[in-house]
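Order of writing sets the labels: A, B, C, D, E and F. Residues in every chain begin at 1.
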Amino acid sequence: MPQTLDLLLALPFLLAAVVAAAHRLPRTVIAWIAALAPLLGLALLGAMTPAILDGQVLHSRHLWLPRIGLEFTLRLDGFAWMFAMLVLAIGALVIMYARYYLSRNDSLPRLLAFLLLFMGAMLGVVISGNLLLLSVFWELTSLTSFLLIGFWSHRQDAREGARMALVITGGGGLALLGGVLLIGRIVGSYDLDAVLAAGDALRASPLYPWALYLVLGGIFTKSAQFPLHFWLPQAMAAPTPVSAYLHSATMVKAGVFLLARLHPALAGTDLFFYTVCTIGALTLLVGAWNAIFEHDLKGLLAYSTISHLGLITMLFGLGTPMAVVAGVFHILNHAIFKCSLFMAAGIIDHETGTRDIRKLGGLRRLMPFTSALAIIASLSMAGIPLLNGFLSKEMFFAAAIETDAPLPMRIFTGITALLAGVLGVAYSLRFVYESFFGDGPRGLDTLPHEPPRWMKIPVEVLVVLCVAVGIVPALTVAPVLHAGAGAILGSAMPEYDLAVWHGLNWPLAMSIAGILGGVLLYFGLARLLNLHAVVTRAIGRDLFTYNLELLFVAGSRITRALANGSLQRTLLWLVLSALVVMALPLLLDPGTALAWNGGWRTPMQWPGWVLWLLMLVPALTALRLYRHRLLAVACVSGTGLAVSLSFVFLSAPDLALTQLMVDMVTLVLLLLAMNYLPERSPRETGLPRRLRDGAIALVAGSVVGALAWAMMLRPHDTIAVEMLQRSLPQAWGHNVVNVILVDFRGFDTFGEITVFAIAGLVVHALLRRARMAPERHFDGPPVDLSMPANLMQVLAPMVAATSIYLYLRGHNAPGGGFIAGLVLAVPLLIQYVLQGARSVESRLGFDFIRTIGIGVVLALASGAASMLLGAPFLTSGHLQLQLPLIGELELPSAMAFDTGVYLVVFGAAMLMLSMMGTIKGSRTRKTQRGVVDSSGRSAFTGEEPV
Amino acid sequence: MNAAIDLVLIALLVAGSIFILVGALGLVKLSDVFRRLHAPTKSSTLGVGCVLLASVGYHLLQGEGLQLRELLITVFLFITAPISAHLIGKAALALLPGHQPAPPPGDD
Amino acid sequence: MELALATAIGVLTAVAVYLMLRARSFDVILGLTFLSYATNLLIFAGGRPVVGKAPIIADGVPADLAHYTDPLPQALVLTAIVISFAMTAVSIVLAMRSRADNGGDHVDAHDAAPEEARSNPGGGGR
Amino acid sequence: MNHLPILPVLIPMAGAAVSLMVERRRFGAGVRRLVAWLSMAALAAVVAMLVADAARGQVGTYLLGDWPARLGIALVADRLSVWMVAVTTLLAAASLLYACSGWDRRAPHFHALFQFQLMGLNGAFLTGDLFNLFVFFEVMLIASYGLLLSGGRGLGMRNGFHYVVFNVTASSLFLIALGLIYGLLGTLNMAELAVRISQLPAANVALVKAAIGLLLVVFCAKAALLPLYLWLPDTYARAPAAVAALFAVMTKVGLYAVLRVSTLLLGAGAGALAGYGQSWLLVLGAATLIVAALGVLGSARLPVMIGYLVVWSAATLFVAFALGEPGTVGAGLYYLAHSCFTTAALFLIAGLIRRRHGSADQDDSLAAALPGRTWPGVLFLIAGVAVAGLPPLTGFLGKAALLAATPPSQVGLVWSTVLVSSLMVIIGVSRAGVRLFWQAPARLEEAGPVRTAPARPVATIAATVLLGYVVAMSVFAQPLLVYTDATARQLQDTAGYVDHLRGLAPARRQP
Amino acid sequence: MNTTALLDMTVTGALGVACLALLLCLWRLVFGPTVSDRILALDTLSVTAIAVLMLWGMQLDSTVYFEAALVIAMLGFGSTVVLSKFVLRRDIVE
Amino acid sequence: MRRWLPSPSLSVALLVFWLLLNHSASPGQVLLGAALALAIPLLARRMDHEHCPTGSLRGVPRLAVVFAWDIIKSNLIVAAQVLGPESRIRPGFVWVPLDIGNLRGITVLASMISLTPGTLSVVLTDDRRHLLVHALHLDDADALVRQIKTRYETPLMEVFP
């Protein structure tokens, strides 16, 4: 049996795939393939029927995600069996109907594939034995219904209807998920058997109201309950087979299905009773009332469906065993007559080209057979005796007045029931009278006639069922109903009698009153006001659409207000966030954080203060002059020099060297860029903004300074001591900084040269094909700098030798591959400046990108060499050679790594400089802002006055 | 002997300090770019040269051996100082067209 | 000494932050340069300021923090200098490209900002 | 000597170097692609072995230079690191495939930069040293600048400038934090840091809090947490599709770092710092969920919307990690992989649309029917379902696992923000899908001639591959969650990590 | 008076003078007035810095500052060259 | 010979430079220095944009002494001028006509002029026939030009023919 259940569920999905894949086959063949799913499914169900009628519950369990309690458990009890029958049987009819309904222009395989997917999802909902799994299928029905409603995607109403359905039912699905998770928390399991058995624990839990409301959120949205009912009429933009299937028999029933499914677990409290009854009653009335004034055939049916769903909901809310039986019964009855009505409406639409009641009329003459079928189904909808609708409606009346609720509530439910009868008759009458009787049809393009034979068969089957159930319920529906309701109620199953005649009693009186009242109401309304002129407005839908639009606008406004793409704002938030996290701990505990820890202050010799001034005064000058970029750059150079000197002063010669070299190259890059940038920054921001930024800057400076200060006052306990001790004996280097760079933390350097190499590549990529116009251009030939260039020829070899020297000595004295690489680059760079790029490059003939590549490979290889000897990457070795003549030669293997560094740094630095120095001029303009007027420049700034 | 070297070094240092100071003073005191250009580019260079010489002697005196390599710095300075002065002068001339002298007299 | 270093870090940070919040790409880059000075000094300060004890092991001097300064922050700063240089190079080139492609060097809006009348702080050229 | 942990760094680096050497014209694009795929294959093989080891609970460690962990740099391939590296590798394979449909020829140095990017990512995930983490962050970032900008032009340059400046600033803050941490604690090795933090004198607590807070800010900036997410949507939207897809993992690096730091340095054993900042992260994560969902609703361009989806999923992860329960962290790690693959797939689909369509705008006036739209439409549907957290795919499973594991005290905040923002995302994504795939051409004449390029099967396959990961992750959710749960437990065992690393003896050197 | 002590005093004095010179250069860097003045001030700063480094090395009996001084000597002029070239032509690599 | 040793003087200078730099004359350093002294000029030659022949070096020592003396002398003069009242200074430009044609010679001449305090070479005309010199105190322009030409240019023309 478990495999049968699995197969039952798998069939629709498998066949959906087949249909989608076989989309080139003839339409009838495709329809038959599709119909295999429900037909085979029904056969499988049939095989399981004896067991079900015997009261057994069939299970199939697979593991999916036991970690969160989500197991692939399928569970077939009587109720699920009944529902599965409904889903499959009506599914088969709908497929047959759809084959003939769909026009040549529409893709039948697509519709059928979607329908089958939906069928599978719906079956999943029905036979899930695990609540999480159920919510999975639940959302799948929302999703597939979205695809089905939007099938005619070129139509705006279809798109909107689909989206509305998705938003509301999908949102409800999220609520359901929340509810299910809560139930799982309370019960400790999502297994349906466990949950149904834990009703008392659930109801006693403090979380019960939350769980209940979240689950009801899912149920009510799915079953189109007031006030979120309006998506259903909107969904009528779907092709009729879809409406017939989803909006009468299956999807909307998923809500009430779940209400019934969880009835044993959730029902039985006042909260449940009042909430569900009230919502159901309101939905019933609102739906029915709206149905009367709807001019669209399908719209009328949709509102009627809402009303009937309200009725079913109300029945489950009432909660008495009889009411539950009635609810289950009405689920069946409504599915049968409403499906046939939708199909009939589809036939009318198909044949007449319109669904507008106001244009229709007198169809009984033109298509008598269809009319007869539709009229019978309508009467069932109205609850006329001898038809199935009558039976369940009478049970409803009985249940409504037989609650043990307080009197006001009983009056309310009673009146609601009566009104339900009246209004149901009224809209059914309108549907029948204005479509099939009277004069008309008006203004149609073609003369309508009976549809193809096969299109009517599904309707006939359903109408026959209406009549059969209505007349001989005990022979037809009784076992099904018993199995279905019994599965919900269990031992509480009441004694009931499925018969047309129960004698004279209150329900009968209410039925009669309802019929009479309905007839009176319809004709009264028709007399009093011109029904055709009534314009109904779905306030709920309008409100929803409006709110959704509002949400989009709000989303877009808020987003644009927050993320306006401004760098200034982005940086401001970053700086502010950093300030907050840095300042808060200090402010919360200033006593210990900034304690004056006297013993750790070191007095500073006065040259230090000179450096201090030398560092800060240019910085502040740069701040004052920043709009004059050249001056600011000069000031930055000053600060950079002072920082380097400070590093020397504070025992960090390597740092000083690096900082000097890097500052030099940065200066060159800045100046190269300035040729393509405006010479000054305009003053753009107002004073308040500048004051704000100034304040932030001050706070930032104070906070960072205070942190640095406080940090320096703490005792210093570092692992570096061990590095000092092990550097010479184990890494064979005197210069511990260099040893750290190439040995202890060589991997950092590894990353660092990679960054440097990539920077070169990025610059190359950005400038390779770029053409730019300089900001301003000097007329005339380049200045003749042959004298300095000539001197550089003397100097450059010495600098190159110095580079080698720094590289070789790095391990034992300040220097190393990085510094050496830059030192080698600088004389070349100066030659670029003095001789011109073309002149240098034509003679140099160097492929810097390859240099980078070779450097990286060398660094890699030197690091990996140790791996061959069974030591980790970058393990340094040491070679002490005794060479004749030369004497002792020490070769730490880190040298090879440093060579890689040297090559990468040289290559990347030169790549950047050469790319920036050899930018091609723009094709379209020579300069951005014209030629420099040499005589008009300000000696103060070097800029041209505006 | 050491005292004599000490005295030589002191003399070098004093001279160096004076030249450096003169260069810096000239940089601040003189009123015109071209005049200012003279003071630091040479006085300072010479001053630094003196200090470097003193440094060589000083480290020799401290028993650290003859560190002639510091003279290389002087070599560098003497090669680069004219380049710097030349270019700054050119730049100043470009920015102060009023200072531009008459074109050179024709040949012959 | 701690106070001097801390104030230097603070002032450089403040200058950097103010410049980074300006609207022109070049000013922002200058700000980043200053920020990099400030961060380098701060990392360096993590090893505590020590004068005249460069971590270059001399023979016969015990290798401890009493005779040498902490070398590790120096190595970190070296890496940081190099990396921030690489980043600066990329941002400089991007500023150029952005100016060339979009016609302005405003970081946010490239509509030609009005060239308002400028006053030369500190007097004009002489 | 087991060299596995370092190979995910070395292989891409070698790939990049070789790629640079064969960049000359005479080699042609085929050779570069061959190099890239060889490197990718080698990486995949190594990662597979690492995963196999990690799944057995083995923590792979590697002492670079054979120095003990406290002196040198140690790599740690624990479950978390390996998970991240594996996700990166899978993602990279698909991105590379997409790029091979043509972009790699238009963007100079694409393959080298791509490999460098992988090197940076893998290094960041594997390193056990805080400063080394910074270095690999930078490798990753600068490579990302290159990938983002190479071959680009126009407004992309301005946007790139924003991205670069923002990240450079964040990196400076990172350095400040590192400086403070070293200055106060005297080490950078994460295990040593954990030890020293646990013994922190009271006088230093506030300062260390400031430093670690700054560290978290930096990571949050990379991971795009409110209010530091502003850079992300525009940047990702302007990136070439293949690059944007790879970038899906970039925010995860920040999240990874947050997770690593908060478990290792701010874990239960951290004394005064235990749990520091976690409540803030939770609240901000929840707020980001809403703001990002609003962004999804409010964006008129598909790539921007996907950018917000990235922010949104990152926010979900913040919530999961900040909750700090083994269950939520485990769920979060699963969700992390999901988020990478789905958002990447969406970026690729947006790229497909742009190719066929000329633009990926959802603007009413621009939306035009997609010729041959079935397959992109189906892909978009699957990706949309997954990303919005609809069943039965990974997004749903991950979120359900997260919600199920949320501790009772936080249920209100977490559930409401997660569920409400999910609804908003469903609305936004469905609107985008409807407009892009269902909308009839509205005002086509006004939109100007549609620039289309022929679809390349490889590109479609790349997107399909990513969605294949998603489907596989849905089917095999249980074993994956078992792995991530074990990861979460391993993360909580700070003492185990510390002892393991401290007890590690070099191969030859004295310990 | 011991000449060695005198020498040490002279070193300190010279260091003071050099630092004073640095400050004077700084004054020129800050107040200009022309761009050339600032470039000149930078150049002089770097030259003077060499003296400061050497004197500093004498005071501390250390030669580790040699490399820094060497590099400043080589590069101080580099900044001068590029800045001047920028003033001259805006395009520093023509 | 030219091919492998393009500039012997440069090579020698480099070797000396190297040994000074390393503060060692060990065989290893000599070998390494020699290698560099051979290799670097070969590379540097590629960068030369103008070849400048070197002639007889006999006059160099005398020139060096003269030059050193001039530097010290004029340094004192300039110091006095700087420290004294500025009103006494009368700066001015003067064009120095050049007879030396070798670019290296011109360069060295200009450098010597610049290194001598009180004078500064600013511009070399494109035809390399005139050098613009700025003098801090210009009493007699012709005397200055004469001094430059006799004291520096004439000996330099021997060194750089």
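As a convention for this text, a residue touches a chain if its C-beta (ideal position, glycine included) is under 8 Å from a C-beta of that chain, and two chains touch if they have at least 3 such contacts.
Computed from a predicted structure; not experimentally measured.
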| task | Please find the path from chain E to chain F through touching chains that uses the fewest steps, and give that number. | result | 2
| message | For chain D and chain F, which third chains touch each of them? | response | A
| note | Neighbours of chain E that also touch chain A are B, C
| Most remote chain, CA-based centroid, reference being chain D | F
| message | Measuring between Cα centroids, what's the chain most distant from chain E? | response | A
| request: Please work out which of B-E and A-C is bridged by more C-beta pairs in contact, and write that pair. | output: A-C
| task | Go ahead and note the Å separation of the Cα centroids belonging to chain C and chain E. | result | 21
| request: Express in whole angstrom the distance between the two chain centres, defined as the mean CA positions of chain C and chain D. | output: 29
| note | The distance between the C-alpha centres of chain A and chain B, rounded to whole Å, is 70
| Chain centre separation in whole Å, for chain D relative to chain B (CA means) | 57
| Shared interface positions of chain E, touching two or more other chains | 22, 32-36, 39, 41, 64, 70, 74, 81, 83, 85, 87-88
| remark: Multi-partner residues in chain C (2 or more other chains touched) are 20, 25, 28-29, 38, 40, 42, 44-48, 51-52, 54, 56, 72, 76, 79, 83, 86-88, 90, 94-95, 97, 107, 122-123, 125-126
| task | Could you list the positions in chain B whose residues touch two or more of the other chains? | result | 18, 25, 37, 41, 45, 67, 69, 72, 76, 79-83, 86-87, 90, 94-96
| chain B residues within the chain F interface of the complex | 18-19, 22, 25-26, 29-32, 34-35, 37-39, 41-43, 45-46, 65, 67-69, 71-72, 78-79, 81-83, 85-86, 89-90, 93, 99, 101, 104-105, 107
| field | Contacting residues of chain F [partner chain B, same complex] | value | 17, 20-23, 71-72, 75, 78-79, 82-83, 86, 89, 91, 93, 95, 97, 110-111, 114-118, 120-123, 125, 129-130, 132, 134, 136
| field | Of chain B, residues touching chain A in the complex | value | 72, 75-76, 79-80, 82-83, 86-87, 90, 94-97
| How about chain B: which of its residues touch chain E in the complex? | 2-3, 6-7, 9-10, 13-14, 16-18, 20-21, 23-25, 27-28, 33, 36-37, 40-41, 44-45, 47-48, 51-52, 54-55, 58-59, 62, 64, 67, 69-70, 72-73, 76-77, 80-81, 83-84, 87-88, 90-92, 94-96
| Interface residues, chain A side, partner chain B - complex | 783, 785, 787-788, 791-792, 794-795, 798, 934-935, 937, 939, 942
